[in-house]
Every structure is written in structure tokens, then in C-alpha cells.
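Below, each structure is written out as C-alpha cells.
One chain, chain A, links the two complexes that follow: it is found with chain B in the first and with chain C in the second.
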Partner chain A sequence: MNTRQSSLPARSAPGHRFRSLALYSRSRGIPTALAALVCAALLTAWTASRPDAYLDPYRRVPLVALAPLLAAAATGASLHAYTRELDDTAVRRWWPRRLAHLLVLSVLASALLALAVPGHAQEFGAVAMVRNTLGAIGVTAGGAVLVGARLSWMPTTLYFSAVYLSAASPRVNNATVVSWLVQPGPQHGAWAAGLALFVTGTALCAARGARPEGPRV
Partner chain B sequence: MNRPDTTAVPPFGGAEHHSAAPAGRGRDGSDDTAVRVSGLTVRHRRTTALDGVDLDFGLGVHGLLGPNGAGKTSLVRVLATVAEPTAGRVELLGNDLRGHRERGAVRRELGYLPQDFGYYPGFTVREFVAYVAWLKELPGAGTDAAVERAVARVGLADRIDAKVKTLSGGMIRRVGIAQAIVNDPRLLLLDEPTAGLDPEQRVEFRALLRELGRTATVIVSTHLVEDVAAACTEVTLLEAGQVAYRGTPGSLAALGADGHESDGNAVERGYITALRGHRTATGAGR
Partner chain C sequence: MSTRVQPGGDGPAHTPVRTGADLGPGRRSGVGPDADLDTSTSTSTGTGTGHENGTAPAAGPGRDGRRRIPRPGDGSARARRSAPHPLRAEWLRGFAPWAGAGLLLALAWPMAARADQWQGSWGATTELLSTAAAMIGVPFALAAGGWQGGRERRRRTAELRSSTARTPLVQLLAAALPLACWLTAAHLLVVAGALAACAPYASAGGPAYTVFAGNALTLAACTVLGHTAGRAIPFRLTAPLLAIGGYVVVGALGTRQSDVRHLAFCMAHVLGDNDLAVRWYPLVSALWAAGLAAAAALALTAYRRATALLPLAAALGAAVLLVSTGDGLLRDNPLAHRQVCDTSTTPDVCVNATYPGMLPEVTRALSGLTGRLEGVRNLPVRYEDLWRSPHPGEAQLPNLSPLGWSVVRGKVTDPRRYAWEAAHMLVRPDCEQAPTADRITVTDEAVLRWLAPEPGFAELREFSVTRARQEGDTKRLAWYRAEDEAYARLTSMSEGERRSWLGRYFATAAECGPKPSEVPSL
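After this line comes the complex of A and B, so read on.
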């Protein structure tokens, strides 16, 4: 069998690594996800810059709840693998790649949406937007493990809707944590809830991957 | 990387017949068993797909036959390391699959064409095969040449920069075969590889199989008995998760030597005879 390649992994040239990274990015539709993130940020910036939203921070509440949903949906869709069966024969473990994938998109989405919200950062501004974006991506990543990447936006939408609609109810106990996504800024309980969802969902998705979709599930 | 020069090989190979060593033996007579499976059991919820199967496969082309639900795909998926067995031991290319390092070593030298392999809509043939080469960690310097060689072997050199989604079903299947052979695998697993190929392409594909079987262990799961008869050195017939028959295409044809041509050719009749014989022996009538 002297015609075989060496079983030792060869060190890749930078150009090859870049091409491989580009192939991986395109295979997951990451350019499309990035375009969707930019569009979501522009739409958010346009909506947030309207005088009524600028002067009354509470008018930005729907914005800091809805924009992260869009970002999370774009991120969730990028977790879909068209060739899961072939991907599962990869020599390297997938979890570091999936973790890096989620972290990079989370940072980009958080930064873009934070920049899109003007005004006081403490009142439904950049801080709340970052917290909600991370929480939404965490829920979506967890949803991808349960229902598959292409439907991963659905659990997040249901959950965010439930929290948003129940936030005004006087019966909600421990509102800072339960209604974390409609808290105006750096409340510790709200951040703890958002970060817990982000860490749990991201870790689960990195470890397990999105649920396989298609005929052989 | 020292690979055989196959650039002059016509599409789908071109070798007429091979003189493969007996299964389990290399050309020098050494033990070259690539796959050893013992007590392999696979269950999907309440269904038992494989029931304590013992098998081994050596150099050459091995046909996996059986009716729908016999356990062929379950076996191939376990051998491809994408599915975990419920019980039993699997040794591939001398490696036990329980450790990640060993699994990685096997995957580096494994080629796999699933029944439904999927493809990225925006990828060209070249990009798709290069993506799988990346999964297999082919050295960067040789990847371009390996991709072009694999695509040429399946007769798609002139379509290498076409988007996969613009190709016909048969061509997409050939792209799937190209990705499976891009790393020049020692163990090649093909699940229904000829589905969607036209008769001419199937004949050419069988020639490629025979060529690949000279240096690799090739396991082909198929419904098409004539593919097995034309390209395989050994036949394994699965039925209800058990091995119903093992032999050569010739011995399978001998089982059906007495039948009538209207009941199919000799190998098809042998397949039916072996299948019914197993059902009778196990009391598993249908």
C-alpha cells in the first residue's frame, strides 16, 4: 500500500487553510447570514433613530426584543448542514468548529445590533441589545439541537413572545429574571438569565450539533 | 504523497476484469482483512436492524444484497462510523473504533457514499469534492490534483466547474462517487451507488469498481443483482438483520442454475433461492 497518502496530518499552507475556511463558511451559508445580520442592524438603526424612539426609551422595547430574534434566526439557519451524513465522517471533531462558528456569529451580531441602537446605553440601548442577542442565540442554538437548524427560529420566537407578552402581568414573580429580555439595561438578574441561556444553548449545540434533517433521521 | 497516476484512466476506470486476490488476503498472501465485525447488533427504537452479525471483508469488491429493511444501510452506516452499534465489536483497518484517535485514523482512509448524501446548493463539483477532501484532511498541496483526478474518474472532468444543482440525477450520483474516492480510500463504502445511473454509466461504474477493488476493500450495498454479478468478488446476502448467505457471484448463480429464464437470470434466481432457504431455515416466512 505504498501508494497511499501518509497517515500523518500534513501542516496546511495558509492559502489552503483560508480556502478550507471559505468552503466551510459557504457550506453553512455564513455569507447569507452575515448579510441578514447587516440588514437587521440597518433596519434596527433606522427604526431606533426615529424621533419618538429616540426621545422615549420605552418605545425601543419591541426593538430590543425583535432585532435579536432576526439575528438569532440568521445564526440558527447557518447551523444547517446539507451533508450531515458526510460531515459525520470528518477526521476532526466537530465541536470546536461549531463552538467557533457560534461565538463568531454571536460577537458579530451583538456588535452590529449594539451599534444600531443610539441613546443611553442603560435604557433599552446597547447593553440590553447585547444581552438579548446573546440570549436569543442561546435559545436558538438549543432549539437547533431539538428541532433542527431550519426550524430553530421557532422555539425562540415562541419563547420571546411569551416573555414579552407576560412581562406586563402583575402576577410575574422575580420579574428581573423571568422577564429578563424587557429589562432596560444592566440588571444583574436579567444578565444572568440571558447569559445562562447563551452558555447552555451554545454548549449544547457545540457538543451535539443541530438535529439531522432529511430522510435518514 | 505518492499516488498512482490515474490521469489516463478513462471515465469510470476502464479495466475489463480484475484478478483480485481471495478476500481477506493481500496480493502477497498476507492477512489484509479491512473489516472485522462480531456480534454486531443495531436497534432503532423497537426495530432490530442487525442481529448479532459476524462478518469480515478483505481486499476486493463485496456486494451487500438483501430486500428492503434487511439491514444493509444500517451495516454500512456503522462501518462508515456515522452510526453507533447497540452491541458488538467493529474493527476497521486494524483499528478498534472506540477511541477518537483510532476513529480519526480510520476516517482518513475511508470513502463513503450514503444513500442520500445531500450537497450544498451553491457549490460547484470541484468545490464539493474539495470540501470532502478537507473533511478527510488531505494535505493542502495535493488536494487540487486529487479533486481533479477523482472527478475525472467518474467522467465529469468537463463539468468540474458546473454547479452541482445544475446537474442531472445521474451526474449528481457520480459526484457522490467522486467525493467518496477523493482520498484514495483503503475502505470504500457505497450505498446504492448506481441509483440514477443509465445503463452505459452503470457498465462504466462497474469497471471503476473492479479497478478500485484491486487496492481497496470496497463494500457495495445494492438492490441490483446484476451489478453484484458483474463487479463483485464476494456476495453477502442479508435478511432481517442476519447473514443469509455468503459466497461468490458464481456460487450464487449456481444456486439458481436450475430455474427458468423467465424467473430472471441465474444470479437473480440464486438470490431468491438463498433468501427463501434462509427464511425456511429460520422460520421467518413472509
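After this line comes the complex of A and C, so read on.
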């Protein structure tokens, strides 16, 4: 991507800025990620509006774990760049763009999924959905740094599965930090854990970028 | 890119293809699951010892310094050793070992976190291992297979692979089976660890080996199924969507009440020690998954795609058998209908035959209670621990299972609390409401307090008394005072006098609405 400064008036025109944004979005598969987020929100809304899930908050536990998983996988996959070596030759710094990329998708995913969960917000509702979405995106972003963007779903999937299954233990369930993703809503320890994962993963990914996959992936 | 196609040589049939496996460890770079995923070419080309599989070994300098062109039939033992089998790279390098390690950690974590709930019970161990395989193993195997299936497309070597001599089915299996074996090995390792951790605390029954074998086969089948999906669907979210699909299917099928729930992969609905799976259930369940995987693989790669109908028919037959058999897939555990008893106490203490090793521990926990009831008449004959309501003349032993609450690793977690619960089983256990007469309720409380003093309950009572005093609740305070007086009178009796009084008291202790005149007063 040619990011050299230029004094040409066309470069600073709104049309050029929009074209750059569109090119960036297309190169990262953002439309696919957005479509996945919308699908996740629609499926969540459909499942959560069924009478049993609406009346019994504990029926929404799988939802507030699965929907963030899909949103995080879509976000993680969008971090992949086919021209990483070329990108690295750019003059402009990439970390603000990566940070903006992650933040925009995180906000969008959190908002969409939170709106998709009806019922009491504090009992496996919108609050838990936002927390889990942010935490999942954080883990996925960290995973992208370690294992590459397109494989970043793997650490999140394994981590969420393990925590979800271990939460049936009263000892683990009472530890709000360890079992943060299956806490009903406003528990401080769970929020601290989710936000810490989000901040760490996002910062790491913004600073380092996804691990280059190379031609042999 | 390590995969190089060198022009020339002996023509197209002997196009030398150098792979990462041929380069040796010193030529590889990178770490992590994405590093050195350089095996597709070696697998797809079927290179074994070089030319015999259609590829020529790399030419090297001879002893006289001139380049020696290797020819067919010229391979020495040394040369064979220097060219490892391409499957070796598939096994040891690339994504498969990392996926196996990841699954191992993901399965071991919940098993360790919930160790209190299964150590000491073969049934609970089997149930949790099956649940973990269904909820973690199956979705991950589908996703990991999907990722592996899209490998050639990501590397852009699919065309190269398709040009090689081996059949597409062999190519698919050579790429899919090592991953399947790694995931299966991870599952079996966790199973072995769990069984070893359960054995020291379990005293009856044994592991359900067929369930674990069926689960392992199912995981391998799911890997192949995911591999075919990953190869067929060119979409960057195929792998995570397969995982999500696995969760949804397990959740939608596995939690249903109908017999369709038996179609959920790896989800053997064995509940604790009550039931045992019939021997063929896990294997038929594995056939259901394996048939689908084989059908998908054949439909994708076979020259005659109609052959996929055969495994598909087998899978559907297995599915029909599973659904039609329904609850017949489980049989009663004969041990659960028996109990072992200690008849040296009053009343006798019996525990279920699935936990015979718990009898001394339970007897010890109840020793204070049974000691105070020594020689008292009109008591229940025994504490029973069967999966039914107690018969007349019996009292229910407080629950030992599910594990993790009263019992952890062969020990009663709080003996005083357990004895307090056991004492309550002697005094109007089936009554939803306390007797209407206050005197009877006061007497009941005094007897329970004397039979099984429990510090937690005593603290709660002290707190209630203090609160009633602060609120000026005279009625409540009078109640507590009457309880204290009754308790004092009971403790001040002589041994014989108290034994006689308790005998008369327990004659009506099972009735929910006794006449006040029938209950002896304190």
C-alpha cells in the first residue's frame, strides 16, 4: 500500500479517503466479518427470544458464550493481511490503524450482540454479552499475535470451552475471575478479567500485528 | 517457500520435489502451529524413498567431487535413511501436534477443576469425560479438521497436489489421519489420567472402556468430517463455523428429552453410577459418526462417488438403531440396587454398593449420633442408601452422591453437618409442614439439638436469638427459651431415663400430625 505523503490535492480529497478505507476494508475481509456479526446477532436474537430462554436466564448461558465466540472469530480473521511484507514497507505507522480496526469491530460486535439479548440485562443479558464479547475479542487478538490471524479462533475456542465446562464446579463458579465468562452480569471480578483480556490482547495486536503466516500456512 | 518444483530431471514423472521433510531440521524456520506446514507436497506426491514413489532424490556431489546423478535402483541404505517418510512430517510437524496439545490442555482443565465431582465414582468419571469429549473435543475436532482441510488452498498448492500420482482419497487421508490421531491421543491421554486419578478412591465397578473407545473413534471421525468440509468450502471462517456448528448440534440434540438425543456425538447419557451403557452403544454411536465421515470423504474424493452411499447407509442404519433403541441403550447398574451395611450400630448404617468403601467413613461420621441412640427402642432399623424411597422402618441416609458436596475423594467433608442431616432423617422426614402443636416442635428441636449438635446451626440460632432480642420479639424469644428449657431437661436426664424417654418419643417421630398427648413432653 502506498502511503507516502503527497501534496497532490486529489490525495486529500474525501473521495480518496473513502477509496482508501474501502480498499483497506476489502483487503481485510471486513464485509465478511460484518456479515458474520450480523448473522451472529440475528441468530442470537432468534434463540434468545424463545420462551424458555426468555424466562429462564440460565438458558442464555450458552448464548452469551457462543455468540461472542463467533464475533471474535470473525474479528480475528479480519486481521489477516495477504500483503504483510508490502504493508511493512509503508511509511505510516500501522498500529493506529490496527487499533482502530479492532476497536471499531469490538464496539460494533458488542452493540449488535447486546441488542440481540432480550430480558433482564443483569442476568446473562446484555451486560454479560458485552463483557464476553470484549473478552473474546481480546483473547482472539492475542491469539492472532501468537499463532496468526486466520488461526486465531483456536485459542479462544479451546479457552471458552474449557472455562464453560469447568464452571459447573461450585469452587470454580464462585471464583469470578477464573470463570468470568459464565458470571451472570455485573460481578466486578468478571468484568476486570474480561476487560484485562481485551486491553491486553488489543494492545498486543495493535503494537505487534498478527503473526505473519508465510506462504506455507 | 520451501516447496520447489525443479524443472528438468527425468521428465514429468520424475519431477524432483523438495519438501520441508527433505530439508532436515536445520533448514526449517519459525515456530508455532503455522510454522513448517510444509508437508502437503510430500504427502500428496507420496514421496517415500525418492524415485520409487515418483520423485527423484536430490543430486549431490560424489566422492570424486563430481555431481552424481542418482538412478533408479541406485539407492543405498544410507540414502533411504536420509529421506524420511513424508508421513513422518505430517505426524511430527505442522498443525497436528499443536492441535493435540491444545485439546489436551482444554480437556484436562475442566477435569482438574471438577476433580471433586468425579474422583471416586467410575460413573461420574465416565459421564464427565463423555461430556468433555462432546462439548470440547467434537467441536474442536471439526474445526481443526476444517483448518487442516483448507491447508492446500491457503498455501496455493492444491493444484500441485492434484497433479500427483496418489489417489485423492489417499491424499486426503494422509493429511487428515495424523491430525485425527493426535486429537484422539490427546483425548485418550486425558482419559487415562482421569481413570488413574479416580481409581484410588473408587471401591466398586470399573471403567467403561467401550465408551472411551467409541468417543475416540468419534473424535477421529469428526476430524475427517471437518477435513472434508474444510477442503470443500473455500471460506475463511469455515473452521470456526464448524466449531460453532458442533456446539449448536451438541446443545440442540444432547439436551433434548426425546430419543434423538442419542445422535449427539460422544454424548453418552450415563448419569452417575445409576446406569451403564450397553456394550454396543458407544461403538454404534461411533459408527454413526464414522459412517458420515467416510461418506463425506468418499463423496469428495472417490472416483466412483456412488461408493459414498455405502458408508452413508451404515451411518443411517446406526442412527436408526440408536434412536429406535432409545432408553434401551442404558441398563441399570446392578450394584446400584444393592447396599452394604454395618449392623453393629443403632440404627444399622447402609451405603450403596457402588460406594462400599465409604461405609467405614460414613459409620465414623455418624458414630456420635448412633452412639447416643444405642439401646433406644422404636428407631428405624437402618439407614438405607438405595435409589428409592425408604421402606417403613427405614430412614434415608443423607446423599453421598453426586460427589463433590458431602463426599470428596472418599471423605465426608463435614461429619458434623452430615450427622445433623442424618438426625433430621429420623424426625418427621417426609412432612412438608411442622406439627401444629408448638410443644411438639419444641421437643423435636431439642431432640435434634441433642442428637447431632452442629456448630453452624448453633451459630445461626444464636444470631436469631440476638436479633429477636434486638427487635423485641417476645413471642420468638419465648419460643427459644422453651427450646432451651426442653434441651436442658433432656441433657439432665440419666442415661436409662433418657433412653426410655427417647424410645417413647421415636414411637411417634415418623408421624406428621401426631396428637400432642401421644408425644412425650420434656
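The criterion applied here is as follows: the second predicted complex is superposed on the first by the 200 of 217 C-alpha atoms of A that agree within 3 Å, B and C clash if a C-alpha of one lies under 4 Å from a C-alpha of the other, contacts with A are read in each partner's own complex, and residues count from 1 in each chain.
Quick note on the criterion: a residue touches a chain if its C-beta (ideal position, glycine included) is under 8 Å from a C-beta of that chain, and two chains touch if they have at least 3 such contacts.
The shown structure was predicted, so the numbers you read here are calculated from the model rather than taken from an experiment.
Peer 1: Touching A:88, do we find chain B (first), chain C (second), both, or neither?
Peer 2: first
Peer 1: According to the stated criteria, A:27 is in contact with first (chain B), second (chain C), both, or neither; which is it?
Peer 2: First partner only, chain B.
Peer 1: Just chain B (first), just chain C (second), both, or neither: which does A:198 touch?
Peer 2: Neither: A:198 stays clear of chain B and chain C.
Peer 1: If we overlay the two complexes on their shared chain A, which of chain B and chain C does A:124 touch? Say first, second, both or neither.
Peer 2: Neither partner.
Peer 1: What is the contact status of A:16 with respect to chain B (first) and chain C (second): first, second, both, or neither?
Peer 2: So A:16 only meets chain B here.
Peer 1: Once the shared chain is lined up, is A:211 touching chain B (first), chain C (second), both, or neither of them?
Peer 2: Only chain C; A:211 stays clear of chain B.
Peer 1: Please write out, lowest number first, the residues of chain A touched by both chain B and chain C across the two complexes.
Peer 2: 214-216
Peer 1: Using the touch rule from the top, collect the residues of chain A that touch chain B in their complex.
Peer 2: The touching residues are 1-7, 9-10, 12-13, 15-17, 19-20, 23-24, 26-27, 82-93, 214-216.
Peer 1: Quick check on the complex: what are the chain B residues that touch chain A?
Peer 2: 1-4, 73, 80-82, 100, 104-105, 107-110, 112, 114-123, 127, 130-132, 134-143, 179, 183-184, 186, 215
Peer 1: Looking at the complex, which residues from chain C come into contact with chain A?
Peer 2: Interface residues on the chain C side: 1-3, 20, 30, 32-38, 99, 102-103, 105-107, 109-110, 113-114, 116-117, 131-132, 135-136, 139-140, 143-144, 147, 151, 154-156, 236-237, 239-241, 243-244, 247-248, 251, 404.
Peer 1: In the complex formed with chain C, which residues of chain A make contact?
Peer 2: Residue list for chain A touching chain C: 29, 32, 36, 62, 66, 69-70, 73-74, 77, 80, 146-148, 150-151, 153-155, 157-159, 161-166, 168-172, 211, 213-217.
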